[in-house]
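The first chain written gets the first letter, and so on, giving A, B, C and D; residue counts start at 1 in each chain.
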Amino acid sequence: MIKAGILGATGAVGQRFVQLLADHPWFEITALAASERSAGKKYGEVAKWRLDTDLPENVRDITVVSTKPKEVDADIVFSALPAEDAITIEKDFAKAGFVVSSNASSHRMEKDIPLLIPEVNPEHLALIDVQKKKRKWDGCIVTNPNCSTIMMVLTLKPLMKFGIENIHVATMQAVSGAGYEGVSSMAIMDNVIPYIGGEEHKMETETQKLLGTFDGKIVKDAPFWVSAACHRVPVMDGHTMSVWMRSKKNPTPEQVKNAFLKFDPKLGDLPTSPKKAIIVREEPDRPQPRMDRNQGRGMSVSVGRIRAGADNAVQYVCMGHNTVRGAAGASILNAEVLKKKGYL
Amino acid sequence: MIKAGILGATGAVGQRFVQLLADHPWFEITALAASERSAGKKYGEVAKWRLDTDLPENVRDITVVSTKPKEVDADIVFSALPAEDAITIEKDFAKAGFVVSSNASSHRMEKDIPLLIPEVNPEHLALIDVQKKKRKWDGCIVTNPNCSTIMMVLTLKPLMKFGIENIHVATMQAVSGAGYEGVSSMAIMDNVIPYIGGEEHKMETETQKLLGTFDGKIVKDAPFWVSAACHRVPVMDGHTMSVWMRSKKNPTPEQVKNAFLKFDPKLGDLPTSPKKAIIVREEPDRPQPRMDRNQGRGMSVSVGRIRAGADNAVQYVCMGHNTVRGAAGASILNAEVLKKKGYL
Amino acid sequence: MIKAGILGATGAVGQRFVQLLADHPWFEITALAASERSAGKKYGEVAKWRLDTDLPENVRDITVVSTKPKEVDADIVFSALPAEDAITIEKDFAKAGFVVSSNASSHRMEKDIPLLIPEVNPEHLALIDVQKKKRKWDGCIVTNPNCSTIMMVLTLKPLMKFGIENIHVATMQAVSGAGYEGVSSMAIMDNVIPYIGGEEHKMETETQKLLGTFDGKIVKDAPFWVSAACHRVPVMDGHTMSVWMRSKKNPTPEQVKNAFLKFDPKLGDLPTSPKKAIIVREEPDRPQPRMDRNQGRGMSVSVGRIRAGADNAVQYVCMGHNTVRGAAGASILNAEVLKKKGYL
Amino acid sequence: MIKAGILGATGAVGQRFVQLLADHPWFEITALAASERSAGKKYGEVAKWRLDTDLPENVRDITVVSTKPKEVDADIVFSALPAEDAITIEKDFAKAGFVVSSNASSHRMEKDIPLLIPEVNPEHLALIDVQKKKRKWDGCIVTNPNCSTIMMVLTLKPLMKFGIENIHVATMQAVSGAGYEGVSSMAIMDNVIPYIGGEEHKMETETQKLLGTFDGKIVKDAPFWVSAACHRVPVMDGHTMSVWMRSKKNPTPEQVKNAFLKFDPKLGDLPTSPKKAIIVREEPDRPQPRMDRNQGRGMSVSVGRIRAGADNAVQYVCMGHNTVRGAAGASILNAEVLKKKGYL
């Protein structure tokens, strides 16, 4: 078993890491790190557990440590740190020799740090060598994208062959994306909030890095623009996205659907990879977050309503579980690929 | 006082007509018409009243009649009929000499029937003369647009001067748009439904008629396309729309904002017209349905988040009350303009 | 494998039966019966599937039959029929030799028909012999209680030893209890409906039969009264109940808690019986429907907030999954006991 | 005009005070006090306004002061302070000569401080004289009850003549009762939380003081007990309560209903007092928070489902707007009575 630590273990994404790693066949939770306030106490006491499965028994009595490399006994650390903490702490861990699989946004856009979706751009992992060499680190940092970006980009990957020219996307995002205390009930009940700070910029820029070309040294941005409009809706889990895709080859909706159906990322049989990365729904009113978010144990993205838009665009809707595929599950899948490729 | 009847008086939009007309300074409810099942009974008995103000006392004891012209004592009828009934009944009333102000979709796209938003295309009212002449009717039919179309088109009107080239719009629509029994709680709680039958087509085609040019005989479609994606969200009232507007003159967000601020439809002081047809919100996270839907007694459309999009588009969000500005209130405002212009 | 039919297979509870029986180790779905309208068509075509797991593949292509005994090839039928249909159809099946395990309310209070919760009153099953003899049936009918009754009575069973004198109970019930189209979103969003037709009467009378004494011929009502107040709240699944229990022996909250903890119904290892019928939560704010409804695969009832009430009552809150433990799961567990005891 | 200050003006209840006082015919807002953090800044800048009417123009530019008597220019101060601050600050203001009309819980149960509902116990106002004498204060403190208590006690007042023996009450409370950030959306969406800290104790004890007898010196508790169970539900505004009332005279539901209908608190025509303090609903499924919370501009309590319970109890449901009648509106009505009775 590979020894795994979790940084920011008490928060919403941290708890999801604990839940998903509790029975993981490759990783064993050996360290739970959180703020000084929690350090020294048992996890079961400091983590106000909010998932609808019980706190795993074997985790309850682990003593929380602080987020310092010397306190953490692990080979890999999963980071659920807030961005403002991750910016220094993750580097400290990489310098100290840890593999850091991060869900934080802090390092995603750094030129020598891979922003990874295993089904989309596994070749970008080679940036790790660039990174280690340049920074003289024993360890490394690998990041996963923003929760909205990841759902959309998974569906864009099989459409790259059509010569994407531009993307318009409107999101309808779940409250869990903001963390447990992130959205008050008075703010969102019977309401839509047409603003999520920084989210549109992340979708627009991360997509270009993810679908960009790695030339052995750097990743060149994908040659199309994305224009995003992000909204919060009264949904617990599951981000829904309405996409317009315009491309050089003007595929029919049927051709786009077939591209989704035939998409095979050839990941092999990893513990966290879903049987199907993309599930195509035929019903006129799907995907829906409440119905489809748990597909593939939360790791599949569902698409539907593939139809012809104006001006040769193809429109469709995609949806995935934002705290599984869009956060903790993404980091774990990244780690599994790291292991498989020998980086761990 | 002008004698007013309501067709389809017991349903959700019918009740909204009753509520809004109860204290109207120009119109007096003289007839409530509904299906044969309800005819002959008192309105208070057959209408399961669902608005959060009490059923007006002066309406409770009115005996409901059937939707036949000879049963209805009125100068104008407001139609909240379902489309499949409206298609014949509204014509019967027009033929019988009534002015029909309709919220139904049945006749909106007929070439000689005005599709009207008073602040947008009052000159289209002259179609009434074409209509009467051609059909040899004493009365006439005037329609208001679909609830989603109306909010968006109100905000597009002041942007016409920039030479609109195309519109992408994603909607997040309230459940009341589907009528009281239209959306079950199990369907929409904790969920998004990315499909509303026929809605996208209505937004795409009605917009072109509304913003088209009347040449004295017919309305020529506006010279740009609209591409819509419609979604239902767990909101009671208030349709929110995320808009991308691309135009020849590439205005800055500031110029777009000023166009909204300066928009003056010169309607004069009608009982139902709001002080401001368009309200510009400066906060980064507005408009929101729960906060802004009752602005201008439900007749104002609120806009916000005006920003630069990719490829010279301007993005913004607009929102309005779908059963007031988007339905009953729209028909009543149309009727007020009919009266003012001498058609009633 | 025992051949199992489902009556009323297309509705909300019917779908739950299909979901729970699809992989059942003892029962095999051999017939799906529904109204004449659906008969002759494939289940996958007529059942608008609304659960968040996919429609089981092996069920999709079964041809639906009508609810007539000669059409149904099965040893046992599970009834999810509406009460007005169940009243005759279930008798037809029992007469024709089927074992009928019913979730309908029609026959629950008939003197010779068992109203069964296996953990509570398994000795009432002997009523089957009374029933068969009296009615000269080859088959029989066994019923499970109303969804609210069942959660409360499970928790009352271990408290019987304290000499219960009376129960006050206020329920907060999920929308799924009313079926898929039962509660419109406009009725319940941002709302509480303090009325569920017939529910209070069911809780008050069914409890007395369930906890009554079987003397070999009839069941004598339990010697205490129940006073119920039922409310619908905006929750998808999971009925929450606030209980005041007054008893002769005035136990302390600690004694009541211990009675819950020690409760062992000695059901043995049935496929559907949960490891713990009653789960005691220690947190001050549990049980909660969203967090606890899936405990024991939806078959456990969770209790908490056990505290001293005024006038020597003990107060507590209990909660369980209304369409699993409170409906389809209850009928299936009943059937498992029937099998184990040799009635099937 | 009487000069009015608001303590804790930026929070949820503070904003409600601002909204309700903005057009008040007797009171003029002359001071807005909040924490040191906000002091010195304009109200429009520091108060994140969350009500669905716009921030009143005449308040936007008022400079916020700190919560010290010498900073506040007013004859009366309305307190929306948190309990931990109110305990000292309100006394400072009373000592300094201000009339303090408080919504905080800190001083409600002090023997010489009136806990007031004008329609229920106006005679308790004479405690002010006891208070001033004992404490040697120029000013005084008057409090209003907890938001749940106030709805229930208003309905109990006309039932006192039946000789109430005990009350069981289960509440279903809105999220706004906990303040804007009080309940996270992840905590309450699709959920019930069966716990509100301190709430049950408040309902049980405040009721006895409110309905107790003032003998010229102290208030003697009412001679019956209340047993409360409090729950949070996904409702924005409006607390719903299910009540069992047992009394010596065993009135019929009809007699109880008549007592409600005839209830006339003889308050006279105060600006904030509703035309009817108690509104009786005849529909089987009312009152409902979404439908009835704004009755009497939020100051009426609606009752319904009056029915016979077991053991001679009468059951009914009552509901009122928790941040209007249950908080800011209550303090303002108290102040109006103070003015009318010459204490201001």
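By our rule, a contact is a pair of C-beta atoms (placed from the backbone, for glycine too) under 8 Å apart; a residue touches a chain by one contact, two chains touch by 3 or more.
In this text the structure is predicted, and so the values were computed from the model without any measurement.
*Asks:* Match interface B-D to one of C-D, A-C or A-B, accepting only the pair for which over half of the contact pairs are the same residue numbers.
*Replies:* A-C
*Asks:* Compute the centre of every chain as the mean of its C-alpha atoms, then state which one is farthest from the centre of chain D.
*Replies:* A
*Asks:* Cα centroid separation between chain A and chain B, in whole Å?
*Replies:* It comes to 42 Å between the two C-alpha centres.
*Asks:* Distance from the CA centroid of chain B to that of chain C, rounded to the nearest Å?
*Replies:* Roughly 47 Å, centre to centre.
*Asks:* Among the residues of chain D, which ones contact at least 2 other chains?
*Replies:* Only 50, 189-190, 234, 236, 290-291 qualify.
*Asks:* Given the complex with chain B, which residues does chain D contribute to the contact?
*Replies:* Residue list for chain D touching chain B: 50, 52-53, 189-190, 236, 290-294.
*Asks:* Of all residues in chain A, which touch chain B in the complex?
*Replies:* Checking each residue of chain A against chain B gives 166, 168, 170, 172, 189-195, 204, 225-227, 229, 231, 233-236, 240, 242, 244, 284-291, 304-305, 309-311, 313, 315, 317, 319.
*Asks:* Where on chain A does chain D make contact in their complex?
*Replies:* So the residues of chain A touching chain D come out as 12, 50, 175-176, 180-190, 234, 236.
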